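Consider the two complexes below, in which subunit A is the common component and subunit B and subunit C are the respective partners.
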Partner chain A sequence: MSIEINKVSYTYMPKTPFERTALQEVSLTIEKAEFTAIVGHTGSGKSTLVQHLNGLLQPTKGQVMVEGIDINGKKADARAARRKVGMVFQYPEHQLFEESVFADIAFGPRNMELAEAEVELRVKKAMRFVNLDYAEYKERSPFQLSGGQMRRVAIAGVIALQPEYLVLDEPTAGLDPRGRQDLLKKISELHQQAGIGVVLVSHNMDDVAQLANRIIFMKQGEVTVNAGPREAFQEAEKLKAAGLAVPQMSALLQRLKQQGLAVDPGIFHIDEGIANILQAIKGARSC
Partner chain B sequence: MLTDITIGQYFPGNSLLHRLDPRTKIILLCLFILAIFLLDTPVAYGALTALTGGLIISSKLSGKMMLKSLKPLWWIILFTFLIHLCSTPGEALAKVWVFSLTLEGLKQGLFISVRLVLLILLSSLLTFTTSPLALTDALESLLSPFKRFGLPAHELAMMMTIALRFIPTLIEETDKIMKAQKSRGADFSSGSIVQRLKCLIPILVPLFISAFRRADELAMAMEARCYRGGIGRTRMKVLQIRGIDYIAYAAAALFGIGLTILKISGL
Partner chain C sequence: MLDFIQIEDMSYVYHPERDDAYKALDQINLSIKKGEFVAIIGTNGSGKSTLAKHLNALLLPTAGSCIVAGLNTKTQDDLWKIRQEVGMVFQNPDNQIIAAVVEEDVAFGPENIGVPTEEIRQRVTDALQAVGMNKYRKFAPHLLSGGQKQRVAIAGALAMQTHCLVLDEPTAMLDPSGRQEVLASVKKLHADLGITIVYITHFMEEAVAADRVIVMERGKICDEGTPRQIFTQVAKMEKMGLDVPLAAKVAARLRSAGIKLPEGILTDEELAVAVCQ
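Coming up: the complex of A and B.
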């Protein structure tokens, strides 16, 4: 159960003076059981990469396989394979268009030609998931909601498709810290409880450190690191080269270590880090 | 897909045509268009075509790019040609159904087609070698004599600049919205006309909303920087007529005299 990206290259506007290679022979496997984070600086090709995952962009070279099926193939099952991957774009609230919250979330399921009863069921489920009360909000115009609520409606619109993989491109951009925490918690629940394979595109290393169990760094259209978080954050040099910062907890622990406190700088998780520091302080006092 | 549009696009470069003052280019283009409509002999058209070819070569743009600019109008050109071929009275060459194809029609059709092709190529050449900003600056400068008759030249130019500036942004936005709706299962490429028109709603509504939002933000940003129209405004880059512009005018004048002599001598 995985998405396989096999030597994918992509060139924007080929054969014009604006030709630009955004991906160069990228190969990686996204396991459904993992929470994958793709990080990289602006223009590193991460958005281009994720648009290949449900066939929005077709690779100039190489292929993308979702559970063993080439999604750009001609056969009928290619379409079904593409539908397994849901995509939440940056600022998804900019794609809302319907008169009511219900109709907007139902847009995807209705395109799948489901029975109206099933559509309603899915909308209810999706709204419950993003913490929007069905009875209160279903008739409201999405344009009268607050920014955070609009984003939740938009994300519900993708969740109602019930994809097996969910790709989120900077889902927390422009949200307040509270909204960010709530949304990330929900996404993490989606992964752990519903068993959906999540791909999170972000450049917030702290978010990534809290959630991901596989981290992929991208730089100039190539994958530079593809590892679990512990190994990935050890590569501080490569992180800096990719224009990213290490998570704040790692940075703190590294500085404490330099100051002579016996902490483990490999830790990046906030709770673990706090425990580690407390332990180190106790150890320092006792001797 | 949407990013393939070439009309109105600018290709940066450093050729002779790129370095000409945009005002020179606009004036010469107008004169050129005038010449295209006034002349009607094969020799004169040959000369104009040769000149256009020379300009394209000197612009160092790829021939493919130039041909691509013709693509949207290809059918119009063909249609015009056929209309002229069939509807001009004269000596019949052949008869197809109720239409008689005439020699005069063939000539006339060819003339009109060449006219259209030259017009498009030359206008494309202007936009390909001139940045939109330079173009609107030039228009403002050329329109400024009419200011005393109450023509808001600066405001018109500013409107054009803003419109041009937002074309790529809105294309990008459309592309993004289409992708988002496609991800939700919208299908834009199949179904009946009615169904396809319905498919436009999920694109147009968000696009309009975003256009208004951007307009609002832009107005706010301009106001925050105390923008208040053209009065007393100075420029960072002042347009200047230089040596190559005089050379271009002189060359155009010589070419014009040549064409006039041709016309008078009846060739």
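Coming up: the complex of A and C.
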């Protein structure tokens, strides 16, 4: 169960003076069982890459296979394979358009020509999932909600399609700290409880450090690191080259270690880091 | 002397005639001195952006008053003077740039108010230099990174010889290096040119750069102080749904686990020194 990206290259506006290669022979496997984070500088090609995962962009060269099926193929099963991948873009609330929250979330399922009872069930489930009370919000205009609520409506619209993979491009940009935490917790639940394969595009290393179990760095259209978080964050030089910061916890532990405290700077998770510091302090109160 | 910005008992209600009228600001009192660097933090919907839009008369108070550089924002005839005093930079770098070449974009404001050509040229050069973007003056804006676009937007305000910049989450859409570029430019304008800065952000590590932090909740100012006073109240900030810098958070957790640490720890450096004493 995976998405296979096979030597995919993508060129914007080929054969014009504006021709630009955004992806260069990218190969990677996204396992359904993993929480994958794709990180990189603005312009590194990460958004171009994820738009290939459900056929919004078609590779100039190479292939994208969802569970063994080429999604850009001609056969009917290619369409079904594309539908397995749900996509939440940056600022998804800008794409709301219906008169009520219900109609907006129901738009996708209705397009799939599901029975109205099934549509309603899916909308209810999706709203429960994003913590929007069905009775209270279903008739409200999505345009009179707060920014955080609008974003949750937009995400519910994708959840209602019941994708097997969910791709989110910077889902927390502009949310306040609690809104960010709540949303990330929900995404993490989707992965752990519903078994949905998650791909998170982000430049927030601290979010990525708390959640992902595979991290992919991109730079100038190529994958430079593809590893588990512990290994990936040790490549501090490559992180810097990719225009990214090391997680704050790693930076703090590094500073404490310089001061002579026996801590492990390989830790990036906040709670683990605090436990590690406590242990080190109790071990040697004089350093 | 009057403060540069003086807000008295100011309230703002969105669509007051309708059933779902919403009071976004509730009797705000706030003074900002000339040359001060103020950060405003608070959850989504706490009224930060509504407050910011009053500072150059994009919104007018429903009640109370907002005085900028001695001018009441309600006086229609002073509108353009006020907008010249206070420049705004918003979240999305792609919505603020209008011209096809960087220098033309920066020149747009001064051209509109009939500044002589020679002077425009000088102002554009000065403004682009102040944000470190002069070498990109002939570039097309769409070839710039997000951080560079935001710096061009700031230069556009500087070319109007603005005395105050209001930045509403200018880094929300940027990657870490873009965020650093923008914050460094803002700090430099404040330090070198004495420009008054009002900086709205969800990134607490950016708010730490300010002289004073204002905390908003449900349309009111619920706390204000130096970054150290604000961010060392870890439990209070977390209860409001806001972050604190990691070192302050770790220090609080270590204290509650029984480790004796001095109060007021805010940076990694301070924590490292305190832990090892």
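As a convention for this text, the second predicted complex is superposed on the first by the 285 of 287 C-alpha atoms of A that agree within 3 Å, B and C clash if a C-alpha of one lies under 4 Å from a C-alpha of the other, contacts with A are read in each partner's own complex, and residues count from 1 in each chain.
The rule is simple: a residue touches a chain if its C-beta (ideal position, glycine included) is under 8 Å from a C-beta of that chain, and two chains touch if they have at least 3 such contacts.
Note that this is a predicted model, so its numbers are computed, not measured.
By the touch criterion defined above, A:46 lies against neither subunit B nor subunit C after alignment on the C-alpha atoms of chain A. Contact with subunit C, but none with subunit B, is seen for A:270 once the two complexes are overlaid on the shared chain.
Contacts of A:17 after superposition on the shared chain: subunit B is touched, whereas subunit C is not.
Once the two complexes are overlaid on the shared chain, A:219 sits clear of subunit B and of subunit C alike. In the superposed model, C is the one of subunit B and subunit C that contacts more residues of subunit A. After overlaying the two complexes on the shared chain, residue contacts for A:152 are found with neither subunit B nor subunit C.
Across the interface of their complex, subunit A is touched by residues 20, 42-45, 91, 145-147, 169, 172-178, 202, 204, 241-243, 246-247, 249-250, 253-254, 257, 259, 268-269, 271-273, 275-276 of subunit C. Per the touch definition, subunit B reaches subunit A in the complex via residues 3-4, 11-12, 64-65, 176-177, 179-187, 201-202, 205-206, 209-210. Those residues of subunit A lying in contact with subunit B across their complex are 12-13, 15-17, 51, 54, 56, 83, 86-87, 89, 92, 94-97, 107-108, 111-112, 143, 157-158, 161. Interface of subunit A with subunit C (complex): residues 41-43, 90, 144, 146-148, 170, 173-180, 203, 205, 243-245, 248-249, 251-252, 255-256, 258-261, 270, 273-274, 277-278, 281, 287.
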